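Handing you a structure now.
All chains are identified by letter, namely A, B, C, D, E and F, in their written order; residue positions are counted from 1 within each chain.
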């Protein structure tokens, strides 16, 4: 029995997104509900992205499987993943991702100012050369994917990233170019909790 | 027994991508090999995107699950999906996706000229108003995701798209903004077969 | 006698900006010190922009006189001024202005989420039509000043802005196109306090 | 008593700007009138920017104080200031500033062709390496302020600019990013005299 | 007597362009008809660009004279000229030129994949360093002509181009910036034959 | 016998362009020399574009034939042609064309201020609605040719342009997109005379 029943999917927010309806709990497949419950238990509330993606369960599963692959089978530190996400989401002007992953970055990096810095301009953030190169690459792959070339990967190697780390960096950037577009296009709204977590 | 054994994963191309190594067959998990074999059987050859994504099996599974969800659980015609992909991939200057999905579009739409038209400029392609509006939306969501607003969705509704069709359109566009970045960044090379299929 | 002597200019931060030296208190003219002391008394700390601009007292005086004219002789609400500033500073990727004026916006508008929304994307912020039109104008005047024309001013009139309000809107946008460039170019660093004020 | 009474503020042009009314002389505060008279005496006519800014006296004072600080307390040559202004104003497509400061540049630099060259394209103007670097910087700070970084300042140091000169360069660029926006937005019209002065 | 009478100008396609009428054969001056007949004899059909430009004979003559000068009095290989044209036309999103010159490139370079590669993204095409530099230059002169400078020409010299070759490269790029605009603006339609020639 | 022998091709300026050598008179074909002499007689000096293009006589002939077709077989007023050229050349940052055609515009339109206005920003020039629409179209066809569509031509028809006038407008814009690139890339220098003619 859980002490947090209030945060289960019964708490799925009707206003989780502005442009599509959030489904009723009874219309959501069991496996999707279980996934949402588990994640909500951890967060203490139902992040709106779960309520939103439940609109189309087959997409829900695919999206979160990809997301989980990125964070669970990775050569990167979790805080590096969140740094990439916040930076890319800032470039793409995505409110949901900047606010929700900003919270995660503050927590995982134990760095209360870093998310605001990266969302605004990674070039003026408090970063090592290593991470500055990583984020320069992320911005280029986001803004002008067709101009990324071998020299860009070489610069990552020069600051110490391995081939698999480079693959993982490119993958996080690519998946959040997906994620930013879904969130902005459906007008997903960040939960109030995310704005202040970890500050 | 198959007549096409030559197209099984034994045919995974070492040059499938320019910037990461293609794994040996013995290093690829069984479920991934099965998926590749099945798809290659259908195509008559091993599309390089399979050999490339096998570099990281967890990403392979997530990527193709998402891809399959888009094409199997959809309110769109398959040719509409391919129209979206070719147009988005043209905007993102992605060689692999333009050439491979150009082939699929020619086949699914039975329209030998449409892929070249969309890859170059959807505004001068032979399109209905309905599909022109769909592709205008796809280009905007690709180029300036943060500027998509409610009016853009209304325009899709005006030309007859349902809410779920709009979700599906946005999803295809978003996933291929992922896909284009992975393919360009890893320098995935289209198989020679794709250049001429369906012409 | 003040209880906040610690926040006087003796508290001018040597790291207020990254690319020019912050002057010693004894090298700063009396009128500039007085202005800084007064403002710091109010804030509870010395905002780094004061320490930074003290580098060149003649520019300090001109900059803050303009700033004070904008906020003291205005037809706009103070929260509208801060909405304009945060939006423009987000477009210009200016860390100092986003963070410092984000704090002021939270306080003046009594709206803890609005600054993060506007800094990311004013199009997905919680706004009235009136303020959305105001911020659309602000973004256009920031991004493509040469394309602003009479129709843009007419749209502001249609949502109820008077001529003098339009002048004041244009002035805030223009001055913060100055301010954003000075702050980014000199690498002015937001004080830690600004990140959390008013949340 | 003046021989140039005709050029006093009695000569304030009703058509000084296209989008806001020019105030009557009797409605303009004394100190503003004095400033205008003095400047007009020098020019031989009332530059329209004075008539325009008189619309809001508090802004008039702040704007011209900043302008005067830039030209009177500076480490730059006056012709360098005007080179910066014309180049920035060309990038921002600002008619008033290109024409009025083009005249000043011709006069201060004693270079009748330089203003047309800089307004069109500083890269093909007759410039020393020193000034080319200065104007490259000005264009970058104007077009993409968030991308200016330490390397950009280092390049200015390499061609011989001191720290205070760099501050002054950044300040002129920043103030004219303000000025260009005010002039274009209010549709300030260059006086006919400016088109031909100094040719 | 010709075996290809069907491809003479009697075959001028009424749908050669979408936005202007194609003239009747009897309204076309004799020298223009002769030129069209001769070119059509060679191609086996009447390329729509001839029917389209016949709308204004004086422009027809000037356009094809320039085109012929580029291909007949040149220091470049014909396949290099077509590589330049396809790349520039891809950047300018010009359907007619991508498809028609894509066919010519396949034939002259005996390279069935190269046109699709260049039209999509010359950076991921199968190219020598020499030709990559040539096409990098072509893209820069197309996208941002005002930013081309002496260093750009030096890079061409470094990979072995002579001065006259550089002039010829710049000329092909410039003429197809004309050609792309005429073809897109008039909505010239590529003949069906071009889509498949040389594959 | 001419009184202006000093302006004949003996006056071809060695510094007519910065990046290619100007040929000696004896190396220039007779027909090209005759054309230059005739034009120089009219101008009173040898415009540098003639000396520059003489570098490659086949291109010289094609370029000036096209230019002459535009001005001699046209439905537009000559001043409209020059308005188009100056506007397009301003967008493309082309010094030679802005300065030389600015002079021609001042003369043909008998409008001493118009060239500076159009080179800076046609949106703030003194224009009729008719010509504003013409120049809006010219800028769009220059900046984003692939986005020009039928609606753009309809807008020209609405303000009274005939089909042939529209063709002629598109042709002038297209040819000067060629011309601007040749002049900037070869670094053609405007003759001093052009800066002041017609002011």
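In this text, a contact is a pair of C-beta atoms (placed from the backbone, for glycine too) under 8 Å apart; a residue touches a chain by one contact, two chains touch by 3 or more.
All values derive from a computational prediction rather than experimental measurement.
Looking at chain B and chain D, the chains in contact with each of them are A, C, E, F. Hopping across touching chains, the smallest step count from chain C to chain F is 1. For the pair chain D and chain E, the CA-based superposition corresponds to a rotation of 120 degrees in steps of 5. Distance from the centre of chain B peaks at D, each centre being the average of the chain's Cα atoms. Of all chains, the one whose CA centroid is most distant from that of chain E is C.
Of the two chain pairs shown, A-E and A-C, the one joined by more C-beta contacts is A-C. Interface of chain B with chain E: the two copies contact each other largely through the same residue positions, with over half of all numbers used appearing on both sides. Each chain gets one centre point, the mean of its Cα atoms, and the points for chain C and chain D are 23 Å apart. The distance from the centre of chain C to the centre of chain E, with each centre set as the mean of the Cα atoms, comes to 53 Å. With centres set at the average Cα position, the gap from chain B to chain C is 46 Å. Of all residues in chain C, those that touch two or more other chains are 93-94, 121, 123-124, 146-147, 184, 187. The set of touching chain pairs reads A-B, A-C, A-D, A-E, B-C, B-E, B-F, C-D, C-F, D-E, D-F, E-F, using the touch definition from the header. If you check the complex, the residues on chain C that touch chain B are 121, 123-124. Residues of chain D that touch chain A in their complex: 146-147, 149.
Chain contact summary for the complex, chain E toward chain B: residues 90, 93-95, 98-99, 102, 112-113, 116-117, 119-121, 123-125, 184, 187, 192, 195-196, 199. The part of chain F that touches chain E in the complex is made up of residues 18-21, 55-56, 58-59, 61-63, 65-66, 69-70, 72-73, 92-94, 141-142, 145-148, 150, 153, 163-164, 167-168, 170-171, 173-175, 177-182, 184-187.
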